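Chain nomenclature is as follows: A, B and C, assigned in order of appearance, with residue numbering initiated at 1 for each chain independently.
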Amino acid sequence: MRPQDALPDGLPVALPDAVREALLAPLVDHHCRGVRRDDLVRARFELLITEADAPAPPGTTHFDTPAGAAIRRWCAPLLDLEPHTPPAVYLARRAELGAEEVNRRMLRGAGVAAFLVETSPESPELLSVTETGRHGEAAADEIVRIEQIEHEVAETSGAGVSYISALEGELADRAARAAGLASAIAHRYGLDFDPARPSRGAVIAAANRRLSDPKEPLADPVLLRHLLWTAVEVARAGGLPLQFHTGHGGPEAAPHRADPALMAGFVRALQPMGVPVILLGCRPFHRQAAHLAAAFPHVYVDVGGAPARAGADAVIEELLELAPFHKQLFGSHAHGVAETCYLGALQHRRALARALALRLAADEWSASDAARVAYMIGSGNARRVYRL
Amino acid sequence: MRPQDALPDGLPVALPDAVREALLAPLVDHHCRGVRRDDLVRARFELLITEADAPAPPGTTHFDTPAGAAIRRWCAPLLDLEPHTPPAVYLARRAELGAEEVNRRMLRGAGVAAFLVETSPESPELLSVTETGRHGEAAADEIVRIEQIEHEVAETSGAGVSYISALEGELADRAARAAGLASAIAHRYGLDFDPARPSRGAVIAAANRRLSDPKEPLADPVLLRHLLWTAVEVARAGGLPLQFHTGHGGPEAAPHRADPALMAGFVRALQPMGVPVILLGCRPFHRQAAHLAAAFPHVYVDVGGAPARAGADAVIEELLELAPFHKQLFGSHAHGVAETCYLGALQHRRALARALALRLAADEWSASDAARVAYMIGSGNARRVYRL
Amino acid sequence: MRPQDALPDGLPVALPDAVREALLAPLVDHHCRGVRRDDLVRARFELLITEADAPAPPGTTHFDTPAGAAIRRWCAPLLDLEPHTPPAVYLARRAELGAEEVNRRMLRGAGVAAFLVETSPESPELLSVTETGRHGEAAADEIVRIEQIEHEVAETSGAGVSYISALEGELADRAARAAGLASAIAHRYGLDFDPARPSRGAVIAAANRRLSDPKEPLADPVLLRHLLWTAVEVARAGGLPLQFHTGHGGPEAAPHRADPALMAGFVRALQPMGVPVILLGCRPFHRQAAHLAAAFPHVYVDVGGAPARAGADAVIEELLELAPFHKQLFGSHAHGVAETCYLGALQHRRALARALALRLAADEWSASDAARVAYMIGSGNARRVYRL
């Protein structure tokens, strides 16, 4: 079986041709992160399919999770295995094929026309933007994580004013070659940050403290806010969107502070500037994110990143009932193993297929509307917002 | 087709006759706001079907939303158009018929026996309470928004003690002719207000500050709390319920502070006073609201205001599984365009039909219980609580 | 009809034999509280099936709730009545049979192999651990509520250091005979407590204040945190899990502070100690709890306590899509009347049956995986974590 043959079978419901075609059309994956280029032993693979940073408890496995079940069901056929393959068989076949071939099958199987890759220069074991595109037979652009830029600047710049200007310069340079910027302030501090721009004096004082230990990840709220406002200016100048990681990520200390509703004041402050604000992840606060996307003309919401069946179903359904259709963007949230990219795309199509089929069966939507919305969420909105 | 013919067809599932009749019986709409009396150009119409206060981004339309899709599907037939009509055709036909005829068709089509209308005296372009009733061939009573009363008092009263007594007098006067009072403290300040009644001294001091700029919308927490406690006394004396706007409204700065769980301390303080507390809107905090309705004998939860299919479905379902059946109240949340009234009623019936059909199919409820609960939520509870 | 015959009929969908057997296999009920041994008049019975601490409003009944509907539907046959029996008939038959016979039918009908009972020594009208096991023909172990122990110590111990050592001693003694410890800090203070261990000096000062009025329920955050950290040490020494009540309980003043996400910092601090943290209840924050269970190797989430059909359905579904399968534990949350035990078990099986049937129908899971997960959640995980 050729990988791309998996797609047609992947839809769980019968749909009118136009809707089916729209769902199977190439996606724009507006949020993914690199996947590992190297072969992975089981312990490492397990850590890459979980939010935890530790092995599963004795006697258990990270395969006994929604993500693990989905890999065994849906990714196994791409490796020429039967569905529901046991983990050991799956990993043995994966090793036999080698990471490069597996990455190629998964990324191509995702049916993506363009990847927007948030880069992690500190992780040479991840595929680069260019490699991601090549493996997936797709276009590929970079999304620059602004805290990463700050880290580089802090390690090399001088104090005070010099830090400020180096940051502006580096952000502008990197933005000039990117499709967007991304902030992780949700997990560095929290989305309940003071929306006001910090004063220059406060920034210089904080920068001088910062430079005494530049290897530390940035956590100072004054500098995080300064970085954000600098990024807003760079984004405005370049016509770029600004992505925000929101919602639950890993074993962070303050998951409740990743609710995007907490940044409504900042969102409102940004409204006159015309910089699109993209809320990534969002779960379990996706209804809050959908509200912001409905209430503010410059806010968009990401519908991806749920590897499990029903997770994707519930999120897709709840967003489709709350957020404007022109404000929803597909993202695979691929990270670590290429399986996450394939599953992100597959589950998006499956969940959206189910949600649309419900509306068609009840004669609530027309087939042409359903097809149009599938295109919008799958690629059209991203092409418009990111000017691809 | 006569408008009222739309109702029988509107139910999405087959149901026993008794249940169907209960669902199609006239509703009491315990929360609506006025609809516009004037003809509307497209730009204005679009702004009235969205939570946003700005046009949709270039290249998009507020019709590409759950509400827009519902209008095209369900309201078009009431204007003698095919379902799924394009927006331009819909609006052309709407203009052709004229606002008065459209309002009449929509309000009558909603199948409502009594409207409780929250008034906005500052908006002469909205239908009055009496007009709403006449257009809908229904009874109509007023719900008085207490912040509106305060605004009128602040503009005309003297300072300090005079402000306090004028407020008491005006609230009592207006309450004497109303079916209930409503507070918008959620969006003026937040539901995390101090539940204690402010001291008289603090109120006088705040009132004096307030009167130096009475045109400003009230945002001072001391005066908002004083207003609320004054309203509680007036409501108690008159046997009236006190409604609270909760949940996500528009592009407010602090959507997370509209969670009704935040006012549990205030709710508890009110318990001995016997004033019914009605939680309006609630989404996405409807599970929190359902909990309060289950845990406190004087708390009620509103199940309306979801114009889109699945939004209504999820909310109806989640409330039906958590809140006592005698604590749920239907409200259309009609606001701005009459379509919102028709859709509010239609989606309530459709969503409740689906939820009841699930329970009947699984033999979890009897048909007579299902019918009884449909009557309770649709009108019985409101008649009891508002003493209609 | 013998009570145990109700189970096979209780599954709402057809399933492969292996899955059906796994669902009907005896459960480990890792969280229940005692049920009343005495006959109950209607007013008392109604108060035991609601979260409220007050009668339903005039003209209404606590039977018109999800729990009431479930009792009339599912428990009536165990008392030899028709499904959907009116409340008066149900209660008359209940009185006729007597509490002991009813308790026996309900507890046995639950199909539980082992009960973990959180004890309330102050409530002699509740069945003891031993009696619960005997009535249910099951094993039974105790879960010790640590605030209860503190209460006993505060009433009998001397001041300062003496309080501290008495608390340590009593907790260790009680833990030696228990299967786990439980904390109610969520409803005594809130889960947003300071995760740091309080200093010995602060504890002694607070203890001295406390002992001036030891009859009061403990609410001081320093002593609550000290109690918790003492319990952590005792749990570690004894290899016991530590349960936390979370989510909405009764008419508490701060339901939003029962979100388990608020204690992520404390959870992280506990990670190196290897003490399993069990999140009980959780609703409506079960997605937050599922995230903690996914992100931290020592965190588990309870999937029980939803007496109504769809409540259980939604929670089971949302947990199954987010939490590792080896981290989910069934608990009936039985409390007050034995019906809650029977319904907790029945609704767990019904809801899990529906969730698994969806996955099987879409060929997303294999039948053997579905059966395995049903066993894990129903009993296997609890046997491992509680070392039964």
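As a convention for this text, a contact is a pair of C-beta atoms (placed from the backbone, for glycine too) under 8 Å apart; a residue touches a chain by one contact, two chains touch by 3 or more.
In UniProt terms, the chains line up like this: A, B, C = Amidohydrolase.
None of these values were measured; they are calculated from a predicted model.
S.K.: Using the contact definition from the top, classify how the chains connect: line, ring, star, complete or other.
M.R.: Per interface graph, the chains form a complete graph.
S.K.: Same or different for chain A (Amidohydrolase) and chain C (Amidohydrolase), where same means more than half of the interface numbers show up on both copies?
M.R.: The interface is built from different residue numbers on each side, given that under half of them are used by both copies.
S.K.: Can you compute the centre-to-centre distance for chain A (Amidohydrolase) and chain C (Amidohydrolase), using the mean CA position of each chain? Integer Å is fine.
M.R.: 36
S.K.: When you check chain A (Amidohydrolase) against every other chain, which residues touch at least two of them?
M.R.: Correct list: empty.
S.K.: For chain A (Amidohydrolase), which residues are in contact with chain C (Amidohydrolase) within the complex?
M.R.: Counting only chain A (Amidohydrolase), the residues touching chain C (Amidohydrolase) are 12, 50-52, 54-57, 59-62, 64-66, 69-70, 73, 83-84, 248, 250-256, 283-284, 306, 308-311, 313-314.
S.K.: Please output the residues of chain A (Amidohydrolase) touching chain B (Amidohydrolase) within their complex, sorted ascending.
M.R.: Residues in contact with chain B (Amidohydrolase): 259, 261-262, 264-265, 268, 271, 287-288, 291-292, 294-298, 317-318, 320-326, 355, 358-359, 362-366, 369, 373, 376, 384.
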